[in-house]
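For clarity, chains are labelled A, B, C and D in written order, and residue numbers in each chain start from 1.
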Amino acid sequence: MVLPTTAEAMEAAARERMSAVAYAFYASGSFAEVSVVENVTAWSRWHVRPRMGMDVRTIDISTTILGTRIELPVFLAPCGFNKLAHDDGEFGVARACAAEGTVQVLSSATALLPEEVAKVTDAPKWFQLYADNDSGVTDERVARAEAAGFQAVVITVDTPALGIRYQGLADFEAFLQELQGKEIVAPILTFCERLDWAELERIASTTKLPVVLKGVLHPDDARLAPEHGASAVIVSNHGGRQMDGSIPPALALPDVVEAADGRIEVYVDGGVRTGVDVLRALALGARAVLVGRPYLWALAIDGEAGVRELLVRFKGEFRNAMALAGQTDAGSVDPSIVVRAT
Amino acid sequence: MVLPTTAEAMEAAARERMSAVAYAFYASGSFAEVSVVENVTAWSRWHVRPRMGMDVRTIDISTTILGTRIELPVFLAPCGFNKLAHDDGEFGVARACAAEGTVQVLSSATALLPEEVAKVTDAPKWFQLYADNDSGVTDERVARAEAAGFQAVVITVDTPALGIRYQGLADFEAFLQELQGKEIVAPILTFCERLDWAELERIASTTKLPVVLKGVLHPDDARLAPEHGASAVIVSNHGGRQMDGSIPPALALPDVVEAADGRIEVYVDGGVRTGVDVLRALALGARAVLVGRPYLWALAIDGEAGVRELLVRFKGEFRNAMALAGQTDAGSVDPSIVVRAT
Amino acid sequence: MVLPTTAEAMEAAARERMSAVAYAFYASGSFAEVSVVENVTAWSRWHVRPRMGMDVRTIDISTTILGTRIELPVFLAPCGFNKLAHDDGEFGVARACAAEGTVQVLSSATALLPEEVAKVTDAPKWFQLYADNDSGVTDERVARAEAAGFQAVVITVDTPALGIRYQGLADFEAFLQELQGKEIVAPILTFCERLDWAELERIASTTKLPVVLKGVLHPDDARLAPEHGASAVIVSNHGGRQMDGSIPPALALPDVVEAADGRIEVYVDGGVRTGVDVLRALALGARAVLVGRPYLWALAIDGEAGVRELLVRFKGEFRNAMALAGQTDAGSVDPSIVVRAT
Amino acid sequence: MVLPTTAEAMEAAARERMSAVAYAFYASGSFAEVSVVENVTAWSRWHVRPRMGMDVRTIDISTTILGTRIELPVFLAPCGFNKLAHDDGEFGVARACAAEGTVQVLSSATALLPEEVAKVTDAPKWFQLYADNDSGVTDERVARAEAAGFQAVVITVDTPALGIRYQGLADFEAFLQELQGKEIVAPILTFCERLDWAELERIASTTKLPVVLKGVLHPDDARLAPEHGASAVIVSNHGGRQMDGSIPPALALPDVVEAADGRIEVYVDGGVRTGVDVLRALALGARAVLVGRPYLWALAIDGEAGVRELLVRFKGEFRNAMALAGQTDAGSVDPSIVVRAT
């Protein structure tokens, strides 16, 4: 056990092990960086009202996401350039996920070929897609991910342009050098400004894989998603790196769940730091949560083993939170156990 | 008079007199330790609107809890291992309660035999029970407490597992040594994961003593309690040591009182620091309040005498608050004197 | 102009000129001292929505309180032992009020005889009364004030007992010595625990002077006041020195005004620091406000001249705030210019 | 690119380049200076809910204000004495606006003749008017501005008197010397205490130019404005320099927009710091926003070039925010993308 126990201490320990440029890239947000902070604090706006008098000898903390069983309702958000955090990089993260029974969503922002990562373990994994303005390029990426054995395509929809990140990319030249120093030859990232619902529907039609839309905050988009071929949405504001000042995922979640109306699965990402946050998300209707920065910090601190330890910790914390709340099934958490703090 | 007058100063003074391990054990909470802080601040969310034009020459600050008269509507929450705070330990606390006319709820987390503590004074006292997964063990504990003369059984229901306490038990080995150094041979604590309503009802049926459920926050549980043999509930989140981020008792209280609907008594515990907090609790429908950490700090500072001074202070503060609010009977405080701060 | 311009700087400057004991006595509150702070911040919870397009060449900032004209809708709250702040003491305050055309409410907590203060100026002044448990003593005080020429009796109703003030009277012995050093032979203060509505009505019946009740926060008391002989109420929590955690006067005011329903005048006291606060109070239905600590600080800094400067400042600030809000008559401020900050 | 990226850093950098007197004059507010802070923080009370699945290849960030096209929905608020910030002064600001395609609202608080500024560029510019108690003086000013080619008259209506500014004009003598040192011979500023709706209507009738009322916060004034000849209103509290504690423009905007009911254009000014704030304002119904202090800081740091850089930055940030929110037309931003943070 080497990870510090508080989120702040974990970030501080990771920071010591990374270059200033890499840390800034991961830690920063866009514009005035309001959302980076609000994402975390917003979870505490939901007070938990645990139930007592429940037999909790048997608690099932596993669940399924699009039919794939995961051993805890936490999986790993797509984060770019994992080697900036630690040499174990994406391969190490893949092994940690496989060992602990959860899904890695491989970011497109990596120099690795999807086939390479797919080979590392037999565990199910998902592919994060940045669509291209050129549909042909997009289709090739999807086809390649499908061929490599990925089991879902997570289309990032909140990135028609890169959010303005004054702090995170203040010295872009130094950032590129940092990538090179880690032998990361970054693929040229193209943001898709024309990624409308028609194109999303078209992409979905080109693959047998289920399509997940990452970056939904508005309930109307949750209504449109299933009508255009999506099987799930991720409530997310991209870790506060795109639209700063956006509604924190913890607060956007209920409206999205209501709008989804059970037709698609809903996940959430942003500011989840403890097993209690996971419990809150599930009580609010999310099927599972994704974590981003926490696994980057764990990776920086102890490589693959750090990521495993983080996942083990989430298992322990979530199981504990379930027991304390009188809940026994991650798949059917009682909605009445959370109330808005006023 | 040796106790500092503010809660912060009292905790600081106590900290100086305790080992770091003991202080951490008492002061800490679980997970991110949000509730430890919120429990205290939440009371200020209720603004008091005192009544004027009342004759307050005669104020009765005594009340009854399950028929037992206490000289002030404050009694002592079960806290483990009192000897960690001061050599006077549980015996000293018992004597202080007897002297000031209130009830000690003896924690099971002590190496002392209930018979030993029961002998210390003739005053009424209650027994806190951690149920066991083995009903036979549970029944033996209850029978023994009843035989020793305890007058109520307080079943802690919010502890199907120990809340994860990173700070409080960071060095568990050192904690065990600390216990040994104080000649505390801790009983093995078993948490009861199967403590469902049926078992609670069964336990209640094995004893003539009234049963109190400690750790209720959800109004549905307050509705179920009287249907399963409970005579009272304690609105509590275990001092923020179990479900972190739970609704603070000060905010959970009104819904629980409404759900209890007069069928059972309702007490509250968590963050009570002044006589004004006690007044707020009673106006919100609690029959009495319990205090935990404050008496541990008082015990650490001045042993048995410190606990007495704390109780004397609560008497003075509560009587003063009653007078200032135009209230004359602790048993019937006007509900309209508190309003939610907005 | 010698007074600092911010409330914080004024208090700091005054503190330097007073003994620690005297400063603590004035500055402190009761219990945990929450209300001392909240009284001030609560005014900012009312946002001002000024009106434009108004001809404000002529603004009348004077008003009447119980028929007595005052040159600004601010008068001086009864504060004890003014000589602790400055040798000019109550006499200096009386002269400052007379010079600036407002009313001093003389505190009973002074060694001065009411006749002495009444002689200082010809200006109208009011007498603050602490009733006594012995009605005869109370009646004698009222009769004497009436004979001395005071024009109203302000009965403090929020003091059936002294609020517990740990900070302000931590060293009571030193406080008494401080009084003696200032040649203040304090009258023995008796708090009236039996001051019920019947007694209030009886007191009112003994004098031709109008009776004002100081310390009303609950709307029901505002309803009862005119039925028992009162001509006005002061919404006040005694500067946070009695019931700590009470609703701040700024937030209690609207309900009291509604309950008073025009039958009695309503004033407010607590946390007023600027002319904008005065404007807020009048928009919320108060006829005038009282200030306490600010004049004590001004007195400490520059004696009688300091109090005058403070009153001149309030005139300037209030006139400015009226103009900026498009208001021309202190007696009929548009209620729609304040809205609750949410 | 020389401007710091955060608002705080920009103000700090500007401060280093200005005299203490000039900085205090610009940075300060009135009374207790609550509004200076609240103006900025209030924008974050609106959470953004971006729309996804939109084709944002073509985004039109230009709009019109009273028929004049501006290249971004941001124009420059009238601020006095620009030469205090930098020798480029009002002329430099005019050139920067012309170069970036937006409107300068020239403050009357300048020693420059309107004709001089009008000659600097051919770009459209507006004239800010302080009306005079003498209508003849007012009319002369308006006529002169019209003759000089200004395209609209912005009448400041929130200044019947100067808000009391203890910090900003603490040493008025030094301020006048500072003006002289910059060869600014300030015109004598007369505040119009009689600027009622009749006079506003009369002024409007004297000119062919459209009239804009700056300083509206109350919805009733937004209703009256079009009935008295105004073509637009600016929701503003004068940067917190007039009525302190007033409702922040970000929070006053929705009620004003509703009251305006499409009959007049609505702009907003106060606390806008990023392109996300601009997006919020447009979603709430403003047609455009004005910025004040930010351009003064930019001017202080790098003169005309600094103001251009600021406008370029606002273009980039606003375009980015539009894309991220799935919006393509500054003239018709979807109102559902903002929700009140609770």
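The rule we apply is simple: a residue touches a chain if its C-beta (ideal position, glycine included) is under 8 Å from a C-beta of that chain, and two chains touch if they have at least 3 such contacts.
Not measured: the values here are computed from a predicted model.
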| item | value |
| --- | --- |
| Size of the rotation, in steps of 5 degrees, that lays the CA trace of chain A over chain D | 90 |
| Residue-number overlap at the chain A/chain B interface, same or different (half cut) | different |
| Per Cα centroids, the chain farthest from chain D | B |
| Whole-Å gap separating chain A and chain B, where each centre is the average of the chain's CA atoms | 41 |
| Computed distance of Cα centres, chain D from chain B, in Å | 58 |
| For chain A, residues contacting two or more additional chains | none |
| Pairs of chains in contact (touch as defined earlier), listed by label | A-B, A-D, B-C, C-D |
| Chain B to chain C touching residues, read off their complex | 5-7, 43-44, 46-57, 273-276, 280, 316-317, 320-321, 323-326, 336-337, 339, 341 |
| Chain A residues within the chain D interface of the complex | 31-32, 34, 133, 157-158, 160-161, 163-164, 166-167, 170, 193-197, 199-200, 213, 215-218, 220-221, 224, 228, 242-248, 251-252 |
